Every structure is written in structure tokens, then in C-alpha cells.
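Letters A, B and C mark the chains in the order given here, with residues in each chain numbered from 1 onward.
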Amino acid sequence: MKKKIKFIGALAIVLAIMLSLAACKSGDAEAEQNNVSSNEVKEEKEENQESNDIVTIKWVQVGSGMPANYDAWKANIDQYLEEKIGVHLDMEIVSWGNWDNRRSVMINTNEDYDIMFTNSGTYTSDVNLGAFLNISDLVQNKTPELYKFIPEDYWEASKVNGEIYAVPTYKDSSMTNYFIYDKELVESYDIDYTLLKELSDLTEPLTRIAQGENTSPFVLNTIGLDAVLSRYDQMSAGLPALGVRYDDESRTVVPVFEQEDIIRQLDILHEWYNAGIINSDAATLAELPTYRMAFVAQGWSKAAETTWGPQMGVDAVAEQWGETIVSNDTVRGSLSCISSSSENPEKALQLLELVNTDSYVRDALYYGLEGENFIYTDDNKVEKLNSDWTMAGYTQGTFFNVSQLVEDEFNQWDEVKELNANAKPSVLLGFTFDYSQVEDQLANCVEIFNRYKSEILTGTVDSQTQVPLMMEEMRAAGFDDLVQEAQSQVNHHFK
Amino acid sequence: MNRLNEIKWTTNVLFNIVFLITSLICIIPVFFVFMISVSSEQSLAEFGYRFIPKYFSGSAYVFLWNEKNMILQALFISVLVTVLGTVIGVFATTTMGYALSRRNFILKGFYTWVVFIPMIFNGGMVASYVVNVNILGLKDSIWALILPLAISPFNIIITKTFFKSTIPDSIIESAKIDGASQFSIFMRIVVPISKPVIATIALFLTFAYWNDWFQSSLYITNSDLISLQALLNNMLKNIQYIANNPTAGLSLQQYKNQMPTESVRMAIAILIVVPIACAYPFFQKYFITGLTIGAVKG
Amino acid sequence: MLKTMLIFDYKRKAGGIKLMKSLNFGWKKQKVKKKWTKEDSELAVLGLPAFIWFALFSYLPMFGLIIAFKNYKIKPGHSFLYSLFMSEWVGFKNFKFFIESNAFYMLLRNTVLYNIVFIILGILIPVTLAIMISLIYSKFKSKVYQTMMFFPHFMSWVVVSYFVYAFLNPDKGLLNLIFVEIGKDPVKWYSSPKYWPYILVFMQVWKTAGYSMVVYLASITGIDGSLYEAAVIDGANKFKQAIYITLPSIKPIVIMMFILNVGKIFYSDFGLFYQVTQRVPNSLYTTVSTFDTYIYNALQSNVAIEKTAAASFFQAVACCITILLANYIVSKIDSDSAII
């Protein structure tokens, strides 16, 4: 009894003390921030007119860590930015391994930042949390250059509930899948890879290679061959089992894994697994080996020469598989979002505009410090002096104004632009599924899917038996509610 | 032990065999990891993981040697944080443990609950982050690596138990009669005979600090302030980022080149384990003999 | 000294209000007032560093506990605390989600059962080993064994998982290579749930036995040698000595470790269950998932922070109840050993 009272007394008093301290502190912080009104546009107008103060824009990205020469680099670029738009930079580059945790706490605790790199995995939930600023009006009125530069479709794809919350990174934002092969290998087996257009076409050649080389030519890891699902727009819900076929004009929401075309693909995968074409540890393999004889990847055909081949250390060739699609997910691979609590959203947008239109700024972010990390050659190409630069270009802005490297014989970005231009937009472009009414069912279904996905998408198990099991579990968890809710929203959005 | 009271010779042999086997089971993994770190990538791809690789290669260690500046800086930070943290932690833990061990202390109940409740309830990662960054201003500071780990209720209970059972009341009472304050009693009487528990707590704290990478991952951006574990753990985990972000397209995949190979990662694991494994026997001497001294009940 | 009336004197840190609580249990004996002495001040100051630490790093963040009860939304331009306090209160809705989720009972079963096995083995094995190692003739050999057996403690689970994978990889792992060479079929380890309880228990014991053994050994070497001499005179053999002298002498520390581990029974060692299993593939899901792996997976698929907060809160409350229960039971049996 004594102890109980001591306990309650101690707890109560300590908690009271601490909460009051916390309330005081938060009160102070809040008072400070209340001085910055949440009506940004009005404030911005005042600020712009009254002073030439340099504002510091904080930008958070993922990369390999802070560059060693950050201070020198910052001093250099700050000079330029100061002249152009009156801005100084403050970059925080979080390493790949820390990104998930760090981003999550920074967003959830609403830490001070202006621009945050985001991708489709977390975009909609962060918007729903209230973390990002609605820039629909701002970007059109204040930075029209930026607005014009990025195609309309891509702005559409960045919308949530009809409003724009991010500046998409205009790069390989459409998705084209390719079959990629080790050139020498396929030639030695007399395989004309240009004729192999569908998954089923590959069965015979790959079987021959498997027998001849006595190893699995088509290596997969736990992700499996998720490219088979790319024809279905998943509405950014995070549940690949729920989607609309990208070219389905009727916009019918369906259980993806029960669709004919998907079933056929999965059967092929299982066949391959049994024949030894796919490695037997696929479902537990965390990462892919550097060299693979044949694989599927997103990109562009010239990447075989510039990226895939060199990465593997051999000559590679690629053949397109299916059409080029642009959908919400493909565009959202890299987004720059402005904090809803940012004090200088307009300057932040201007910075993003500059990054996307001004090659000097773009190169500085992409390549590093001129003179230390790279130099400009006479014809305005770039020669890299070392590979110390740790910032990740794909998080920052478009690739189309990045200066070319001297060693590039052709501009591979031209092909990317063309692919983008000819991409087929998904019928659901611009639609984001608002799952707040069904979030429990969605979370449960996602959890079920995550368990089954590796084994189904690597062909490890027979999908004819496993898929019905998975769907049964999902239906018990409310899958049909999801279909219903999604369909009604789709119908409403596109009426 | 008295010579007359020993176990039989055959039992001794049996025990020795048991321990030999268990010790080998404990050591072999480290040896195996080391062997993988000196295998060539090709050997791993073709022949799998073997105790004796088909092809040796020192390339993993060469790769790490090229990063030596970063690694040495991180090592320095780890050592600094560990030493500072252990000193601070031992001081705060033993003082509190002592205070709690005094039966007549008026605030004993209160302090006991203060120490005990956090063992069960904690505010969570998000709340701690808010406090550390917004209220205490520890972001990107070395103190973010030191302070949050300095004290654990578990350690305090250990010290309290030790003081209660090992320090005879008579000594304290006679010192009080002589007019000594609790401070001087603590410093001049209690601490010198508490070497065992101090060594124990110091050991626990050292391990906690040396192995920690989480604090760096959450609070540190400045690459000069990362601890060794954080640096190496980063290299081990960064490959997962690419795996987890398929929609980012080829422009992300290009970074795979910068990520370390399998043998490099094994070499990193060796680098993490070996320094402290070497330091441990040094501690152990102190730890075990110290414990035997202090264990005689008064 | 019977103190039947106790006066507690709490000073509020920011002000000077004294709160007096007096408890009277109705004893008719003479009441003794406990006064605040100089000694108490000195002791209070001694404990101050730790107290301040707890205030800042444990109690201040405790507002985080309310995240579990809210539907957290950011209020732009305001601090986290403001947003949190202004967010909608949803009572136990987040808990409902957690408890009614597919997995709850399976997670509960796994987490608790594994922990029970770990606790039992975590006492039996190290204590036995500690007694054995204390009896070996050669002290030098004993030290060598101890050092070697301590090694697993240094390895983080990430590193251990690499090593386990090197053994169990279906294509290239050492075990399957050996199986093939002796003519047996290779086993798809990461797709066969039936082996994993044994694998996990083995790995847990492997990692912790050396460490626990050293802790118990420290206690054993402190036992007064004269006790053993007296036993020998009474004719007890080594085995009897172990049971009647050694074990009772280390009882306090064994019980303390027992209670502390029971207090964590709803938590699991994340590294063990997540890293060693290679991130819990589906086949192993119902066999090796625990609360902590579930929460982590939920975090990865951006479930909102209030849901994971509810799960953590549940774990904390459940553990609180168990540890108090365990302590109560122990204090009834042997009141010296209870730690509270």
C-alpha cells in the first residue's frame, strides 16, 4: 500500500513537472513560429518587397553522405545563387542506409527544412499527414518557367486530391522495360535477342543457356520479377494486388493477380523456376549479383552501352519489352516537396526552377565543385576529375540540362526524352486513391501481400495454388471493400 | 579451491573437452567471416562460401585501406565517445546506486520509482528525437552520441544491489560518527572497495557505446562525427536502399557501383569485431579478479 | 525501527511548494517522525546527476505516450508538440487496429513462447557451464575458454546473419554443399519453417551463453571457500556441494536476471528474428514473427506513427504487469530477492 502511494505520488509529480516544462518549451517555440504566419503568399509578397535579405534554403536529400569539400562547394555556389535569386543553400545529405529512419522522424516531427526529397513510397501518406505545401497556385504563378518546363502529364501525376504537392524530377519518368543480355553469351548460343518480345519467347533460349552453362541464367532476388505487374496502375496505394490496367478505358478496378495475362506470366515464372532458369534461392536472396546473364530492368536501350554493360563488366544488349508507360508511380520515382511549414516557399520554388533550367547550378549539384571534382572542357563538356562527389543526381532535378561527359559519344538523354514523349499515359494518371476510410483493410492486405510476394514473383511456388490462398486471406481482410471504395472514387474522379 | 576438494581427473578432462567444443563453436564464425573477406568475388560466385576459398584476394582490405581517412576519423570518434560516455555513465550510475542503497535515505522510495519506471515506459523514438533536437539542441553534436546512452536502470540496480550487500553498515556508521559527509564517505571509502562493480558497469557501458550506430544514424549529418559502427553499418545497409526503391528507375541503379561487394562487407564485419575483441581480455583480467576481491561479505 | 508514520517531502523543481503526505496505518505504538537530515540532502545531491538525466532523457519524452491515442496530423508552421496536442483524440482506436489485426495472436504466441524458452535455457545452460568452468584445474585454460566464449557477444546480429546465411544459403551455403557431398538432398532452409525454432534457439544460446556464464561465474568465485571445506568434512561430494552451496549462493543474482528478463517478455531481440531469418520470408512468417518484426515491417510500409506507438505502448503495459507480477510472486517466496 505504502509503495503504491509512493509510486503514484512520484509518478504524478514527476510527470507534472516534466509536462509543464515541455509545455513551456513548446509554448515558446510555438510563439516564435506563430510570428511566421501560415498564410505564406501574403508573407512572401511582403518579404519580397521589403528586403534584399538572403534567405537560406535547407534541402534534404539522400546520397552517400555529406561531401568532404562541402564547405568550399557551398561557398562557391552560394555566390552564384545569391546574385541570381538571393538564396544560400544548406544541404543535408543523408546516407542511403540511414534514409528511411531519418526521413521518417524529420517528417513526423516537422523538423525545419524547406525542400525534402520524396518518392512514391511515402508521398501520399506524407501529404495526408500535412507535411507538404500545396504548390498548385504557387508554381504556376511564381515560377512559370518551371511549370512550363515539366510536361503537363507529369504535374498531373504529382497531384493528390487534385492539388500539386511536389515538383517531379523530369528524368526517365516514364517506364520502359527491357530484356538485357550478355552480348557475347547470346551470340555464342545463336540467339537473336531482337526477336524476343515477350516473356514466353525467352523460355527456349534460356533453357538452352541453363543447360549449356549449368547455372541459372535469369537470377532474381526477393523482389522477384515485379515488372510483370507494370501494366497495372496501382493507384499509389502500395498494394500491387489492386489495380487498373493502364490501357483499360473503362477504368475497372480489379484484383491484379486474378487477371488472365498476369496468371500466364506467373505460370511462365514457375516453369522457369522448375527448369532451373531462375535461381533456387531467389525468394531469400537479398541482392542481385553484379553480373547476370539475362535480366529485366527499366531504362532506355542505350543504357546497355552506358550503364548496364559497364556495371557488369561485359558488353550488354537490350530489347524493349512492352510499351512505354507513364503513370503516377513512374513519375513519382523522384519528387521534391516543400515543407508546409517552410518560411520561404517561394524562394525554394525559385531554387528548384533554377536547378531545372540553369546548367551551371545543375552541374554543381550533379558533379560537385568545379576545379576539384570536375572541370569544363572547351566545348562545354564535363571532365570528371575524381568520383568523390557524394550527392545523388537523381534526387535533385532534371537530367536534361546536365552537361555531358567528355567520354559520352552521344547524348543518351535524347533517347530518354523521346521515350518520355511517346509514352502512353495510364488511364489513371492524376488519380490518387484516398484510403483513409479503408486504411485498416489496406494495411492488413498489404501485410498479407508482403508475405506472399517474394515466392510468387520469383516463381518459387505454383501460383495456381498460392494465389488463391493469398486472395482468400485478403478477401477475409476486406479486399473487396478496397475494390469497391477504389472503384467509386475512380468513377467520381473521372466522370 | 582446496586440493582435497577437486573434481576427479576424468571429470576434468570431460569438462575440458566440453569447453573446447563450445569455445570453437563460438570462434569459428569469426574465422569463417574472415575467410570470406579474403575470398575473391569470383570464387564466391562460382564456389559459394567455403572455409578455404578457391581464390584468395586481398581486394576487400585494399578497398577499406583506401577509405582509411574516413575509418580512422570514425575510430577516433568511437573511442572518444566510448571513453567520455563510460566515465560519465559510471559516475552517475554509482552515485545513484549508492544513494539508493542507503536504507535510511528519505528519498529512496521516490528515487527508486524514478529509476524504475523508464524500464517499462518510454516515449518512443519520435518523442526522444523531438526532445533531443528541439529542446536540447543536440542535433549533429557529439553529445547526442554520448548522453542518451549514459545511464540505464539495469546498471543502477546492479550497483545498488552490490552496495547493499557488500558495504558493511558498520564502516559507514563509524565514518559518520567521525563526522564525514556522505560525499567523502562515497569517494574515500566506498569507491576504492567497489572496483568490481565499477569494472562491470564500465564494461557494459563500453560495449553499449562501441556497438551503437543508431544514434549516429538519427542525429549526425557531419561526416566527421560518425562513429565507427555507424560508418560500417551504413556500408552494410546501403545496398538495401536500392532494393527497396524499384520505381526510382535506372538513374538510381547507377549508384550500385559505389556499393561495396560481399567480401568488402565481410571485411567490414571483421573490422567491427576485432578491436573490441582484442580489448576484452585486458578488461577481463580486471573484471574477474576484481570481482573475487569484493565478494567477501563483511 | 518501526516507522509507522512517514512524511514525504517533495519539493517541486520550479517552485517552492511543499507537498506533505502522511500515512497512518493505525498502529497504536509510539509514532516516530522521520526528519529530513543533512545526510538526506547529501544523498539527494549524490543522486542528482542521474535524476537530471532521467528527467531529461526518460521523462521529458514521455509525452510520446499519447501519440498512441491520437490521429496525428501536422499543423503547418507549428512545433511537433503543438501539432500533437491539437490532433484528434481517438482513444483506443489504434489499439483496436493492432489487436484485431490478422496477426495478433500469432505474434503473441511467438513472442512469449520464444522468450520463455530463452529465459529457461538462459539460466540453465550458463549456470551449469559456470559451475563446470569454476571446477576446471587450469585457471589459465579457464580464462582462455571464457575469452573465446565471449566472442559471440561482440558480433552484431547483422554480421551474424551474414554468417548464418553463408551456412544456410540453399545454393552456395556450406551446409548444403556438405549435404550434397555426402549424398543427401540439399534443404531449402529459408523456406522450411520446421527447423527454425531450433535454429533461433540455438543462435540465441550461442550469442548469450558466454556472456551470462561470465556474469554467474563472477558470483560463484565470490563464494567463501570455507563453506566448501565444511561440506567436505561433512562428506558431501562435488555434486552435492554444487546443489547445496553454489546454487543457493548465486540465487540472488539468478533471480534478479530472471525477473528482469520476464519484464521484457513481450519484447524480442529484433536482430535475431529479423536479420538472421533474412527479413522473415513468407514461409517462415507464422513461425518466427514477433511483435517487434511486425512493428518494423509496418513502419517500412509507412503505417502512421500512431499505430506503431499503440503497439509499443501495448508491449510496455503488458511487460509492466508481468514484471510486477513476477516480483510479487518472488517476494512472497523469498522477500530478500525481490528487486522492487
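The criterion applied here is as follows: a contact is a pair of C-beta atoms (placed from the backbone, for glycine too) under 8 Å apart; a residue touches a chain by one contact, two chains touch by 3 or more.
Small disclaimer: the values here were computed from a predicted structure and weren't measured.
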| item | value |
| --- | --- |
| Reference chain B; chain at largest CA-centroid distance | A |
| Chain pair showing more contacts of the two, B-C and A-C | B-C |
| Mean-CA-position distance for chain B and chain A (Å) | 37 |
| Cα-centroid distance, chain B relative to chain C, in whole angstrom | 16 |
| Inter-chain centre distance, chain A versus chain C - centres from mean C-alpha coordinates, in Å | 38 |
| Sequence positions of chain B contacting 2 or more other chains | 109-110, 114, 117, 126, 130, 134-135, 233, 236-237, 244 |
| Sites on chain C at which at least two other chains make contact | 8, 10, 59-60, 62-63, 79-81, 169, 171-172, 300, 305, 340 |
| Where chain A touches two or more other chains, by residue | 3, 6, 9, 14, 22, 25, 29, 100, 108-109, 121, 222, 286 |
| Touching residues (chain side chain A, partner chain B) in the complex | 3, 6-7, 9-11, 14, 22, 25, 29, 62, 64-66, 68, 92-102, 105, 108-109, 111, 119-121, 171-173, 175, 221-223, 226, 286-287, 289-291, 297-300, 303, 307, 311, 329-330, 332-334, 387, 392-394, 399 |
| Touch list for chain B against partner chain A, complex | 41, 45, 109-110, 113-114, 117, 125-126, 129-130, 133-135, 217-218, 221-223, 233-258, 261 |
| Residue numbers on chain A that touch chain C, as the complex places them | 2-3, 5-6, 9, 13-15, 17-23, 25-26, 29-30, 33-34, 36-38, 100, 104, 108-110, 121-122, 125, 129-131, 133, 222, 238, 279-281, 283-284, 286, 340-341, 440, 443-444, 446-448, 450-455, 460, 473, 477 |
| Interface residues, chain C side, partner chain B - complex | 8-10, 34, 36-40, 42-47, 49-51, 53-54, 56-65, 67, 79-81, 129, 132-133, 135-137, 141, 143-156, 158-160, 162-163, 166-167, 169, 171-174, 177, 206, 209-210, 214, 217-219, 221-225, 228-229, 232, 238, 241, 252, 256, 260, 263, 300, 305, 309, 312, 316, 319-320, 323, 339-340 |
| Touch list for chain C against partner chain A, complex | 6, 8, 10, 12-14, 19, 21, 23, 55, 59-60, 62-63, 72-83, 85, 97, 100-103, 169-172, 188, 190-191, 278-279, 281-283, 285, 297-305, 307, 340 |
